[in-house]
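Pasting the structures here.
After this come two complexes, each holding chain A, first together with chain B and then together with chain C.
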Partner chain A sequence: MTVGHPERGEGAAVLAKYFAFASLGFRQARAEPGELLGRVVFFGLILGVFSAVWRAVAEADASVQRDPREMLWYIAMTEWVVMSAPTVFLQMEEDIRRGDVAYQIARPASWLGARLAHGCGALALRAPVMLVVACAAAWMFAGPPERPAGLAVAIAFGLVAAAVMTLFHVAIGVVAFWLGDVAPAYWIWQKLLFVLGGLLLPLQFYPELFVTVARLTPFPAFLAGPASLATGEPLMHAGVLALTLAFWALFGWAIAHAAFDRAVRNLQVNGG
Partner chain B sequence: MSGRWGVESGTLRFAAALVAMSVRSALAERGAFIMRAVLMAVNNAIFFTFWIVLLSRVPNVRGYELGDVALLYGIVAVAHGLAVFVAGGMTHLSRVIHDGELDALIAQPKPTLLYAVGLRSQPSGLGDIVSGLAMIVLSGRVGLLGVPLVIAAGVAGAVVLVSTAVVLHSAAFWLGRTESASRQLYEVTLMFSLYPDTLFTGPLRWILFTIIPAGFVGYLPAELIRAPSAWIALGIGLGVSAYALVAAWVFQRGLRAYSSGSRFATFG
Partner chain C sequence: MSTAVDVQELSKSFRTRQSRGPGLRARVADVFAPRSRPVLAVDQISFRIEKGERVAFIGPNGAGKSTTLKILAGILYPDAGHVTVAGLVPWQDRHALGFAVGTVFGQRSQLWYQLAPRDTLELLARVYELPRDVWRARLDALVHAFELESLLDRPVRQLSLGERMRCEVAASLLHAPRVLFLDEPTIGLDVTAKATIRELLHKRSTEEGTTLLLTSHDTGDIEQVCDRVVIIHRGRILLDATVGELKRRYLRSRRITLVTASEHVELPAAIGARLVSHVPHRTTVEIATDDAAVGALVDAVLRQTTLRDLMIDDPPMDEIIRSIYRNADLDEGESA
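Moving on, here comes the complex of A and B:
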């Protein structure tokens, strides 16, 4: 028997608690192989379609000055991040709709923290599987990456970006306290992510003003930032990207907490 | 013969009444209805920026200029919008089958499939229809005389999409919970329909006119509008009929394998 530092013991207990939620998320994701398979097939086909698009673009005009191979690896990375981040807001919406949240917030664990940990657990399963698909499909359709070292850095940042996106998904889930249905909020978020994040086209393709506006949002740090590290024209330096992701992670968590606290206050005042 | 016609016209009247009822039901929450429709239109506009930006850099992609892509995109959006607005139940069909919710529908006097797909209307479909029509107009490929062709092309695409969804979701009769996989495969059909057919060559091109019926949702209907011909119209007619018949047959076979969810529910 060892006597540990009480604070360290408390910290470990808290970590163990959220690790248990993450483990649950991992196992639940593993228990739905059909969903994962559907995503895998869809992902592979998307990359097949875009390899055809970029080959055709290269045939049409060389002035685009983008190597189709590099473009496909770029899209493989952006799509990988999007398809890996779990949609935790759907479970949160369900919790709120069924009223389960009323007893879940009374537990000795943060409901937001539990949902985030659950999402990270699902991400831990999805991300590696989807990464294998991304790399295999990009290799098959476009050949090996031109900058393997850049790709490795892009993968590391992509994983962090997917985790920060999961955090923002938690913030979207809190919206269900007011709207009931989070789908409209998610649609807006998703479309902004696709365009301002540079999902299908690197941001450098867009007008200067558009890029300036996009840089004021978290979206480029989620998609174009990590993915462009695998290309010859990174959107931002790796160090800047790390700081940007850290800033948006803190911002996302603060927003989620503020909204949740407000919702809980309303819940107590109105009686749920 | 007249008896059969009477049954069929009765079924058609019932289908129209069912659709009207489900649309009224969706309209009951007017704010949510408008919001979903508007967001879907915005969604389509945002996705189309990809082509606007790309085709500002190159004159065409394998023969497709911006107007051609807008026409293709518009037709597919109208077809999908019509499909989910009129037969919104198709996207939940596998869950309904798996959860035994067909019990309440099987005992009804009209065809079960009609109830299952027509019971819901998805408001986002209206956003698809409106934005699709806007894209078709802006494409500059359709004159006033082409309006009937646009309607025919949209309806043909919608029938193929509903048929595809019915076949994919009917897998739940035999495989259990397939909702996610069925939806993803439907999305695959939609995705292939949205890209120029000239991008795809070899065996994949054949697949897009058979197993994945993207050719009958987007390419052929768009071609019919661009360059009307009796042969294309005939091809679309045959394709649409074949997919609809296959869907009805698969669903009927599935019903034989259906095991009740022992649900005690009222319907009507």
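Moving on, here comes the complex of A and C:
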């Protein structure tokens, strides 16, 4: 007896498959309101702190050429991207550690694709909630955005950037096949993201050589690129940013796939 | 009958890290130049399973049964050998194989822990590309057969292990796989839950012609679900026989319980009966399977007292299997 669809692997069926993973990710994120609430509180808090810091810097040092309001909106955008991208590598690490990956691999669906879609589902819930918090907190602490049109473009690119970051998180998750624990890989990734991505300061504040090096990495396209579109001094043109994000998305996916194929060839499923 | 699983000369080894021993220098060397040695998990095994057969694949811990199962399910790559499952080479046609086989790993879960089983079942319907009407009919049938009505909408974390396993097995059968691989499906369950799972597996396999390949340490799974047993030990197949054949070939003794009028009975040494247990009026002995021995025992008891009742049992399957492992170890020891 076979009950499967007669035309397996067709585009619509494949899309429906990954949409189902995304939908499950959305529902799972909704089923864990505590986690989201924690992020909301933390996010509001750090925006409050940075608003105070930037006001103090502006009052103390006239040489700082940036408007504190613009700076807070910039940080609100970069932090929004960081806090929206789900940490899918933690679930992947758990899958590998517990051996549940055996189930996932035996199914007619890509495990990486499933994890990415699941992460994007969580992102679909988290990003709007965190965006509301980002905008409300920035408005409350600094006033309305100076360039609403720029902010709208920044939000659109921020969403794409968070999705591409989720893809890189999938690639980090694959590391668990070798290390068992993704914490060291994520720790390095996060520090590079914060520094080279321009989390707290627009990259224009850094030395030229540093900016040149940073541009060779995906990090500016994730944070400074989208967030600076909301300011008067974008890091790169929106078209260039779109191409850069597309390039890094392809690159990240290729890396994740190559690593996964290699890992599966040498797989030793934990737990016998 | 057509072949569902064909395994020829299958081998698989793993590499395990080997420490240089204690001491800082050895530890540092272990980090920068790790040493490993190959461990042969499966050693040139061959067997064939016909469509609709229910086969128990058993062996002690580390025998290679789970490794074999994972190769057959397309999870692990073998080092050598030829395998087809439902006509597909598992590690080459993993995607297509996914539609043809189902897996149940007793110590793993495919259900999303925070969500209700219905969510996982809906997801699996998409994963297996089932048309909506087909999946609804299939879900209804499984919900009815596995009595899942009250479980479907409760978060998995609130289910008991037995309830969860019923959902796990139902989830694995949702796409009506031609072959179902089960790795210790009843581990950790209580006797009632075990009996339920065994009955459900047997029934679904009979009704749908699903081929079952099951690994277990629980001989109840073998006796109540399977028709055939393949025993693997140290990566090699020791025995491949039907359950009935296994008993006939390895059953060398029977257990006889005598309920007598007198409190004690004397067992003449010539009969060769071994005392297993004794309480007043009730004596259990183990004796050779030939009819003459049983007759001699009964005669001897009747000469002493009145026999009120007599029960003859086969020794537990556990003992038969343990003796097969023991003999294999002895043979290996001798040949070494």
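Side notes on the structure shown:
The rule is simple: the second predicted complex is superposed on the first by the 258 of 272 C-alpha atoms of A that agree within 3 Å, B and C clash if a C-alpha of one lies under 4 Å from a C-alpha of the other, contacts with A are read in each partner's own complex, and residues count from 1 in each chain.
Keep this in mind: a residue touches a chain if its C-beta (ideal position, glycine included) is under 8 Å from a C-beta of that chain, and two chains touch if they have at least 3 such contacts.
None of the values given here were measured: they were computed from a predicted structure.
In the superposition on chain A, contact of A:Leu90 is made with neither chain B nor chain C. Once chain A of one complex is fitted onto chain A of the other, the partner contacts of A:Trp187 are limited to chain B, with no touch recorded for chain C.
Touch criterion met: A:Ala31 reaches chain C, while chain B stays clear of it.
In the superposition on chain A, A:Leu45 makes contact with chain B only, while chain C stays out of contact range. Applying the stated contact rule after C-alpha superposition, one finds that A:Asp100 touches chain C and leaves chain B untouched.
By the touch criterion defined above, A:Glu59 reaches chain B but does not reach chain C. Residue overlap on chain A between its contacts with chain B in one complex and with chain C in the other: 32. Listing the residues of chain A that touch chain B in their complex gives 32, 34-35, 37-39, 41-42, 45-46, 49, 52-53, 56-57, 59-61, 63-64, 181, 183-184, 187-188, 191, 194-195, 200-201, 205-206. By the touch rule above, chain C contacts chain A in their complex via residues 14, 61-62, 66, 70, 73-77, 94-99, 101, 103, 105, 107-110, 112, 114-115, 119, 122-123, 126-131, 134-135, 138, 155, 175-176, 178, 208-209. Across the complex, chain A is touched by residues 32, 35-36, 39-40, 42-43, 46-47, 49-50, 53-54, 57-62, 177-178, 180-181, 183-185, 187-188, 191-192, 195-196, 198-200 of chain B. On the chain A side of its complex with chain C, the touching residues are 1-5, 8-9, 13, 16-17, 19-21, 24, 27-28, 31-32, 98-100, 102-103, 105-109, 264-265, 267-269, 271-272.
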